[in-house]
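As written, the chains take the letters A, B, C, D, E and F, and residue 1 is the first residue of each chain.
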Amino acid sequence: MLLPLLFTISLLFSSSAHASVLDFCVADPSLPNGPAGYPCKNPAKVTVDDFVYHALGIPGNTSNFIKAAFTPAFAPQFPGVNGLGISIGRFDIAVDGVLPLHTHPGASEILFVVEGTICAGFISSSANTVYFKTLYKGDAMVFPQGLLHFLFNSGQTLATAIASFTSPNPGAQVMDFALFANNLPSAIVEKTTFLDDAEVKKLKAVFGGTG
Amino acid sequence: MLLPLLFTISLLFSSSAHASVLDFCVADPSLPNGPAGYPCKNPAKVTVDDFVYHALGIPGNTSNFIKAAFTPAFAPQFPGVNGLGISIGRFDIAVDGVLPLHTHPGASEILFVVEGTICAGFISSSANTVYFKTLYKGDAMVFPQGLLHFLFNSGQTLATAIASFTSPNPGAQVMDFALFANNLPSAIVEKTTFLDDAEVKKLKAVFGGTG
Amino acid sequence: MLLPLLFTISLLFSSSAHASVLDFCVADPSLPNGPAGYPCKNPAKVTVDDFVYHALGIPGNTSNFIKAAFTPAFAPQFPGVNGLGISIGRFDIAVDGVLPLHTHPGASEILFVVEGTICAGFISSSANTVYFKTLYKGDAMVFPQGLLHFLFNSGQTLATAIASFTSPNPGAQVMDFALFANNLPSAIVEKTTFLDDAEVKKLKAVFGGTG
Amino acid sequence: MLLPLLFTISLLFSSSAHASVLDFCVADPSLPNGPAGYPCKNPAKVTVDDFVYHALGIPGNTSNFIKAAFTPAFAPQFPGVNGLGISIGRFDIAVDGVLPLHTHPGASEILFVVEGTICAGFISSSANTVYFKTLYKGDAMVFPQGLLHFLFNSGQTLATAIASFTSPNPGAQVMDFALFANNLPSAIVEKTTFLDDAEVKKLKAVFGGTG
Amino acid sequence: MLLPLLFTISLLFSSSAHASVLDFCVADPSLPNGPAGYPCKNPAKVTVDDFVYHALGIPGNTSNFIKAAFTPAFAPQFPGVNGLGISIGRFDIAVDGVLPLHTHPGASEILFVVEGTICAGFISSSANTVYFKTLYKGDAMVFPQGLLHFLFNSGQTLATAIASFTSPNPGAQVMDFALFANNLPSAIVEKTTFLDDAEVKKLKAVFGGTG
Amino acid sequence: MLLPLLFTISLLFSSSAHASVLDFCVADPSLPNGPAGYPCKNPAKVTVDDFVYHALGIPGNTSNFIKAAFTPAFAPQFPGVNGLGISIGRFDIAVDGVLPLHTHPGASEILFVVEGTICAGFISSSANTVYFKTLYKGDAMVFPQGLLHFLFNSGQTLATAIASFTSPNPGAQVMDFALFANNLPSAIVEKTTFLDDAEVKKLKAVFGGTG
């Protein structure tokens, strides 16, 4: 009696290789990317560890210039999120630390404060309105897609937060790095930002840019 | 006079290999899947038979435990639907037959009754409201995406129905198979469903599960 | 013991008015449409009849010029499909009847033959390739989005088919009606189609156009 | 010199009322829902508090049948997420507590463990494969859209977790509530689940169902 | 001090190979297409020339039957648009020239008149309403997705226009080519269009069709 | 004979009010916006002028601080694009004029140079790579969604360009306006950008900011 039943099951599911397209598409980074993400790993080789990520439990190293660190769990690190339109990451921000102004070109973000006190804000494109607030342990704030936003530690202790994104690979465009950490000629930076030459030269030195 | 015209045509169409991306993307299941479906078969090798499926004319085998069968025409069986966001299938439900409670994780469904009488229903997640009705030949019912629904033959003759889905590969998660047709330990099934141990053990035996 | 449980349930579900956004959005045609469909009917007033449609069991009237009829179950007729990206309809095609060349501007379609014999085809935009086939009872054919396609009865008996669409309101642009059933001046029809004046005038008379 | 500049700005931004469509669409729950979410609150009345949510800092009440609670920050509670395709919530699970098997019909989820030890798992629809793992503080797990999944406290202390969803209003369909907390007749439950009558009657009593 | 900073940067960006998925996905036409477009060119090999297209500055050859030409800048010609949901093209229409009735099966279009005078129009599917207007230098007109539309030079000088599309590869289905430039049997053309045999035969000869 | 035919037509089209959902959704800005755009104007009141926009033929006023102007044809100005995922605009850039660094939070853009010489570039988020090029009359360049980009006149004559966007209302976030044209406290600007106080104060004065 079981065989005919399983025959029915197999029809309901077609083959696992096919149906897996629907359930999930674990990234196979050995294949070329596409506009919708990575091709899918062979479902027969998928394990629970493709859907679990451990490194967010490890504090990031904040011994750096911005006294802050971001640990991503994006599709490249966390292959199970490929194709699912979501990812996550961890912020550690030391006292006086800051996540400089940045955008996520293709993702909205929700920040959740796990420990400490963070001043967070974003700026609308419609009227340059600034929306910022001091967030305490347990507070959440949403940053709409593509808008400039910032975080800094406004307390006396290390701050830790979890961020969720509406993309498996949201990336981040940090304004200072975009302006000062590459070979964009200083004359162009100045012409397109109205910053003065000394400021641009100084910050290119700080962020490792040339030109 | 024709050549310059055809020259214009070729510009309007760019090459068929490229423009075919737009018209259709017949599945090439020999290549790895992606989040948006299968890569496209070489358009030069596409024929009308990629867009036509015959097996839905053949009654499914209902000599099984549930006295019902589902014959899918999903992307793996019907490559022309790949990338088009639609597929179809056939239900045959013998007298006393049933399609047990199941969901389509990523698709809404419309059922159309070709022959016989079917009692069909779904349950909302918002308030556990049950929406069910006896359907007769020619009736249609829609099951919103991801919600538990069921079908059973409530008449005295074989029932046949056609189902359409908003995905080329909707799959199906049948509650009994999810709970009782795998190696999920009985203790976990019991803890997460409040079913008692005897019931779980009995149904694992019926559905071929272990643990 | 039950109250705290239900308290948990209500948290899991937030209110039915809100969660209904997710489960379904039954059309309220008394409110203005939006780009994504009709606003949602108050969930408290939704019944199973919003999700069930009976008229597809009634043969359409083929006593007309094309000896064919289409009975739609789109959002305006079948409010439960609003927002779900799917709809359905019924074709009746008498002997010698035809569904003239037409497109669905925003939907792909799967045709399923319930009774009779239908010759169906579509034309690619990439290379003007024609894909057509005689379909018998139980056959299915997919027409990719936006492409010109046609159906005609190629048998000796009435043909009936069910069509599913990837839109709750796919509409249809019938070439003859677009050219000859309105006030588009004959001179423009002729200039943009290369049809001759007599033909255009004749068909405008047939299809009720002017100019 | 400023006026002509601001004139340019106003062109670049068109009016804030319009551009706000793009930046964000804070929910106005006083207006009827639509398939894409709530209509937008007047941008002139939007404040930073529409984008910040405090209640996730408050432990949920776990003195209930499942010894667990879920606190949602969905569009109804957190209007700033409306239209942005993301939301968040908090789980509190006491020792021996459980979030019974459930699905989110239209959302994928990432769980992040803030405190304690949680056993979490989901079941694929393609082959009924179970993917489950014990998660510790700092671990994250992704549950693909629409699949049955569960959580239970597998440690000796209260567990707290944050969940992110790919919808501003994901809802949840809990299997036990869908089967046993409504008026779905026991005979239908039994026919579509193969559970025996005594079990169904017992659980309907527990979960407040009738029929 | 720079090293820890760059360490932070690399975390913020994950690897360029991965994050590039988000920024852009330049087409690699040497790989098989997928439903969402071409796989991505290796980001390390992407240059500014992938994002720039020069040929739209060159007038198309209007010495042809329709006295008009279209120069596409679609993904095959302009690989930087792959995956971005947009493309562009140039129309040159000589005096008395015409772009015959056509649709873009999967794209809406905005036309911008650079030089000359163009009569442009489209036909709705909902009521066969014709929307047409004479456009002068600097005018723009939008053609909604999938609807039949036309352009012809209604002035005394060459007309040039730029068209933008909501697809990286919109293609075009020209009614005359679909009907008369292939091997669709004349009998089927006549049956499905109500055109008479002489007209169909004449236009098949003009457009290079057979059958 | 015509009546039954028109009866068939009306079935094929259902009513124009309904089918208009599919063909187009002309903005009715008198109603509240939604996440997918404006509600639809009553189709009976739609005219060809809703689909045509004239103001792009008029040079913008470049007598301002940036010696440049942008004239938008977005949904608020050009209601026919509502819901269609596309819009257009015109740039005029005088000699020495510049469009400062900015992003479109939810849109990709294609720029087409109508007259003059423009240096245009964008910066990737993945590796801060700068892609910039001098564009001449007839050249096109694509800027992927959400990335910082700039334009300036690099020639000796007025430059004019047309930009197309993948949103009916893309807006623009100009870095200088976001930083210096609002009340974001200077101390926060400095902390999150590493600009020095004198520079921030100077530019707030230029751009009309406070704090």
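Everything below uses one rule, namely that a contact is a pair of C-beta atoms (placed from the backbone, for glycine too) under 8 Å apart; a residue touches a chain by one contact, two chains touch by 3 or more.
Only a predicted model underlies this, so the values are computations on that prediction, with no experimental measurement involved.
The chains that touch both subunit A and subunit B are D, E. At the interface between subunit B and subunit E, under half of the residue numbers involved are used by both copies, so each side presents largely different positions.
Comparing chain pairs C-E and B-C, the larger number of C-beta contacts belongs to B-C.
For C-D, the equivalent interface within A-F, C-E or A-B is the one where over half of the contact pairs agree by residue number, namely A-B. The centroid of the Cα atoms in subunit C and the matching centroid in subunit F are 35 Å apart. Averaged C-alpha coordinates put the centre of subunit A at 21 Å from the centre of subunit D.
Subunit B and subunit D have Cα centroids lying 26 Å from one another. Contacts with at least two other chains are made by residues 13, 18-20, 22-23, 34-38, 105-106, 121, 124-126, 129, 132, 144-145, 147, 171-172, 177, 181 of subunit B. The set of touching chain pairs reads A-B, A-D, A-E, A-F, B-C, B-D, B-E, C-D, C-E, C-F, D-F, E-F, using the touch definition from the header.
Of all residues in subunit F, those touching subunit A in their complex are 98-101, 103-106, 119, 121, 123-126, 128-130, 132, 144-148, 150, 152, 171-173, 175-179, 181-184, 188, 191-196, 199, 202-203, 206. Put simply, subunit D touches subunit F in their complex at residues 1-2, 4-9, 11-15, 17-23, 25, 28, 31, 34-40, 42, 82-83.
Contacts from subunit F toward subunit E in the complex involve residues 13, 15-16, 18-20, 22-24, 43, 47-49, 51-54, 56-58, 73, 78, 80-81, 84-88, 108-110, 112, 114, 121-122, 124-127, 129, 131-133, 135-145, 147, 162, 164-166. Those residues of subunit B that touch subunit A in the shared complex are 29, 32-38, 60-61, 63-66, 68-72, 74-77, 102, 105-107, 167, 169-172, 174, 177, 181, 207-208.
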